[in-house]
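Each chain carries a letter (A, B, C and D) given by its place in the written order, and its residues are counted from 1.
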Amino acid sequence: MRIGIMTSGGDCPGLNAVIRGIVLKGITVHGLEFVGFRDGWRGVVEGDFMELPRHQVRGISKQGGTILGTSRTNPYDGPNGGPENIQRTLDKLGVDAVIVIGGEGTLAGAHRLTEAGLKIVGVPKTIDNDLEATDYTFGFDTAVQIATEAIDRLRTTGESHHRCMIAEVMGRNVGWIALHAGMASGAHAILIPEQRVTMDQVSEWVLHAQKRGRAPLVVVAEGWVPDGELGPHAERGLDRFGRPRLGGIGERLAPELEARTGIETRATTLGHIQRGGVPSGYDRVLATRLGMAVVDSVVEERWGTMVALQGTDIAHVGFESALNNLKTVPQHRYDEARVLFG
Amino acid sequence: MRIGIMTSGGDCPGLNAVIRGIVLKGITVHGLEFVGFRDGWRGVVEGDFMELPRHQVRGISKQGGTILGTSRTNPYDGPNGGPENIQRTLDKLGVDAVIVIGGEGTLAGAHRLTEAGLKIVGVPKTIDNDLEATDYTFGFDTAVQIATEAIDRLRTTGESHHRCMIAEVMGRNVGWIALHAGMASGAHAILIPEQRVTMDQVSEWVLHAQKRGRAPLVVVAEGWVPDGELGPHAERGLDRFGRPRLGGIGERLAPELEARTGIETRATTLGHIQRGGVPSGYDRVLATRLGMAVVDSVVEERWGTMVALQGTDIAHVGFESALNNLKTVPQHRYDEARVLFG
Amino acid sequence: MRIGIMTSGGDCPGLNAVIRGIVLKGITVHGLEFVGFRDGWRGVVEGDFMELPRHQVRGISKQGGTILGTSRTNPYDGPNGGPENIQRTLDKLGVDAVIVIGGEGTLAGAHRLTEAGLKIVGVPKTIDNDLEATDYTFGFDTAVQIATEAIDRLRTTGESHHRCMIAEVMGRNVGWIALHAGMASGAHAILIPEQRVTMDQVSEWVLHAQKRGRAPLVVVAEGWVPDGELGPHAERGLDRFGRPRLGGIGERLAPELEARTGIETRATTLGHIQRGGVPSGYDRVLATRLGMAVVDSVVEERWGTMVALQGTDIAHVGFESALNNLKTVPQHRYDEARVLFG
Amino acid sequence: MRIGIMTSGGDCPGLNAVIRGIVLKGITVHGLEFVGFRDGWRGVVEGDFMELPRHQVRGISKQGGTILGTSRTNPYDGPNGGPENIQRTLDKLGVDAVIVIGGEGTLAGAHRLTEAGLKIVGVPKTIDNDLEATDYTFGFDTAVQIATEAIDRLRTTGESHHRCMIAEVMGRNVGWIALHAGMASGAHAILIPEQRVTMDQVSEWVLHAQKRGRAPLVVVAEGWVPDGELGPHAERGLDRFGRPRLGGIGERLAPELEARTGIETRATTLGHIQRGGVPSGYDRVLATRLGMAVVDSVVEERWGTMVALQGTDIAHVGFESALNNLKTVPQHRYDEARVLFG
């Protein structure tokens, strides 16, 4: 059997460890053969691939990114897209089945293709950890670790200058990274999309921390919006050219909080450093195990399923469980974190 | 209510985050008061303690070690040991209950004391992750991360010199650290106490890696012993004074493997660096949550229980579940790792 | 003798190691006594200080920030400012001399005060490494290391997505951090204030890297401005609210470069993480040595001088050498870096 | 011109950055062509080489080890060794000159070969920083950084258990790594080959630290020997099999110090982790610059010279300056460190 592998969507620490796990187990245990499609669905649709013999995955588990490249191409777009064209391309290349490693959008596409008869299995990928079907996704641990180390650094600057420091971390729809990095670094306020919090409440937390002699530390997920208005000062930040500084929520929050609390406030947006580079040991192990387990999915012909972490075990669940099931931060986890605020 | 906290046994990254979690939740949510006993059971037995107001736990979640100190004192030893004396000491200090943070030995002592009527709850601590009752223990993730980074470094030396590198990691009775760090770093042989492996097999794995052009990498848990003899060369390592070098298993394995394979072989014993220093983000979050949950154990008067991670939730289980239940690496997890060997 | 210490201006990794070096050497070798003024010149002017016995500096060399706090207060401002008032305050506190640890502004103030008769010596501090009088300043190495590690992470994302990645690093007036972090991480373009470079040239470097199969990597100092216009697209970045994203040079460069090259381009502003947190071993050693050497300045009554690194030795130079002597990146160092561009 | 490159002796972080610097500058600026000899002199003597086009050095500056491999082969040994044979081999391969990257032994060999007429230039390599001709050698900074981080970790264990912790670091003949890592981490005793110190003195330092409430921290270079006897307990360490534990100086020092001071004492030998893996930013920049500068040596036909760091500049010095000029830690640098002892 000849199996195609592809990685799709935003990159994530551990993608290469998944690929290594697949290839080593597939070759050693089951005698499978592998090709890697380049740049996600684009490579599948266009039949652009590379052979993946054992030596190609040598030493890659500690490399960030993906050796296959990635893109946000939709498998239904373009003249060669859609199930029939793709099946024809796979047939031509002698590819019997495809393993997709991707997020909700990728898995939704795979779900439709599977229903149309294609042989696809999947490994879920979301650095935001927002998939209900799995306890954790690979990459999340590395992102939390990078954010935690960065916030540890911000804290000493805050304390030396008696400033309020704001760290904006990833999380458009959910606040898992903010929650974990904020708890780990001892934030005095953690602002996440799931929680409606007013600016008055944020200011109160900040002032409360200051009153206890601390340099207030705010961790905000990029997707957070305040309950009510952010306030008139949010747009007032000026860059060094005297023009309004209108960055993300962190940059807009800083002048507003400063105006409300009277405490000098600075924001840092951690950005892309959270998703690249060497994966943590945790993510390498999880990713390797997921990669190995999805080979079983292929051998057992569990088309339309993906692997998932449940406790310490790897389970197989249907693609549909990945769809429309955003795993948000539950109230009791936020309540835990709030205990740290003061 | 006035609650005592103590940390016992070997230090572990996350101990301070547990203490912080306890004190912040206990004070903020339940209005409890805390004291910290110094150096494990010694402080309890001798009534040696420090007050633990909120500001004492400020910023400690990222510190390694334990601000309370630790020891291996047995609570039944000495003229002031045993349940009656300890209860008298607690009464004198006005301490209503004790939270113990410790490993199997500590929890066994706590179990006996609880059966004698003392009000004790616990947080399990074992850097080796060898407790059946909990999915993971805090500190383990940091140890794996440190070991993984160190082994990543050893690998480049091995490859440059075409040497076989051996990394000896912690794990007297179980091989969890070796398993995870070995999988993360791509070891060609992982040797753990749970698995009887002959020296012939180890040599075969090493030679197999070399044949594929790799610098062989062996990760061995300190408690591993070979199936059969280690071999005549194990004692032949000479230090720079011409005397036999008889270190741990890594140091003894090196000359024997070199003699059997003809490949220059060097061992590094990672030792204490695996258990000290800044905890990973994962361990800080887990430790904080365990600390907060054990406060519930106190408030709900669940004496004789400890907190445990089950999936993504914190559960309460009896002390007895911590005893005589060594969590060993199961066969299917070792089989996964073996796929990487070659 | 009783000596005051203060830290002024932006925080910098190594400040605490300087303080430790001063206090340990001063007490142990010369029997001096120390106080720490709080928050830079503010503490001096207002007579706000803390005693600095030996145990206060215990274990601080690895802490970021400054235990004394810092500010940008001008010693000549306010009703208690100026040489006579300050001298009166020092006399009242029994402080015989002051060690200032600060940047060009701080040293300029100290210079004026010294000329008015005050007994002041200094330790130069600039994370930008822009002081002609010293080979390196402490903090610079840590900043380069943090930036290098962050850029290593960005690179894997760029390669996976075939994107151009821009990293904006510190450096308002000089490009030392950009030069070193860019050389270390293999940047295809390094943009620094000292070098007039047109957008055409930047685009050419980026396209040249892409043509050789690389994901282009641009490291830009915050103070860089292009030779000529940045271009019409620089203002076109939109944030997720559809409003123009007008951040620093990195954020403005991204849409312009993308428009010119056709390569998807993303910017990350490293910001404050470059200046906080645990100092590198290099900076701890340098800072400790500078702290010890400035104690000699006090004992030898070298008022009006500061310590400086020259080769591997610590020298004493006049305050005036710190003034109006911006150390810029020389042409031959930039030419070295340009070799890496392609 | 076609130039050979080789790396010889123990591996060192930065070797690949040197190679990258040579190849990029040589190709881009001077139109040279490069080959890499495999495994040091062995590759030169046997004519075993690989082509080094530009893409071969892509992204290697952050990799530890050496892509060329290394060995301790002597160029005068064997039937193909010696200047005439080597020249013949170079002629056959069309190699016009050789750049050697190696330590004192390698440079001594290169010196003899140069005197016999071969065209060789060099880049000094010693992780121990023990070369008089250069202010710093690449790799040293990384080693100090790794050792410092490891010792930071050991410290928290020492403090939690009230133990004396011993860290054995590299340094057979000189104590630079011990000096810098010890100063950075705040050691209470630093033991280096250059300094004759009795066990009584060591015990006194350790007890002095304990008296001030500290967990004593000793950093010892592997090549240190005490002034006088180490003592009767040095051989008494028993491993878990009840056999004498006779490791390096750290392992032997521990039981002796424990017997003398009554303080529980543990040793960790950092070993090979100090020399492998990702180089620090400092080392990548230094190594890149040295690599670029040695290309000038070739173009300017400075045979028999090597590049060296002097202040912030790269200079060219004769091979002979590398020979018999061990750079030891001078007394005044050790006196600085002693200030920290107490």
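The rule is short, and it goes like this: a residue touches a chain if its C-beta (ideal position, glycine included) is under 8 Å from a C-beta of that chain, and two chains touch if they have at least 3 such contacts.
Because the structure is predicted, anything quoted here is derived from the model rather than measured.
Trainee: If we look at chain B and chain C, which chains touch each of them?
Mentor: The common neighbours are A, D.
Trainee: Where the CA atoms of chain A average out and where those of chain B average out, how many Å apart are those spots?
Mentor: 29
Trainee: Determine the centre-to-centre distance between chain A and chain D, using the mean Cα coordinates as centres, and give it in whole Å.
Mentor: Each chain's C-alpha centroid was found; their separation is 40 Å.
Trainee: Find the geometric centre of each of chain B and chain D from their Cα atoms only, then give the gap between the two centres in Å, rounded to an integer.
Mentor: About 33 Å separates the centre of chain B from that of chain D.
Trainee: If you look at chain B, which of its residues touch at least two other chains?
Mentor: In chain B, the residues touching two or more other chains are 149, 152, 155, 278.
Trainee: Looking at which chains touch, is this a line, ring, star, complete or other?
Mentor: The chain contacts form a single closed ring, each chain touching exactly two others.
Trainee: Return all touching chain pairs.
Mentor: Those chain pairs satisfying the definition are A-B, A-C, B-D, C-D.
Trainee: In their complex, what parts of chain C are in touch with chain D?
Mentor: Those residues of chain C that touch chain D are 20-21, 24-25, 28-29, 54-55, 58-59, 61-62, 135-136, 141, 144-145, 147-149, 152, 155, 180-181, 183-186, 212-214, 278, 280-282, 284-285, 288-289, 292, 310-312, 336, 339-340, 342.
Trainee: Quick one: which bits of chain B touch chain D in the complex? Just the residue numbers, please.
Mentor: Residues 7, 10-11, 15, 39, 63-66, 69-71, 146, 149-150, 152-157, 159-162, 165, 239-240, 243-248, 251, 266, 268-273, 275-278 of chain B touch chain D in their complex.
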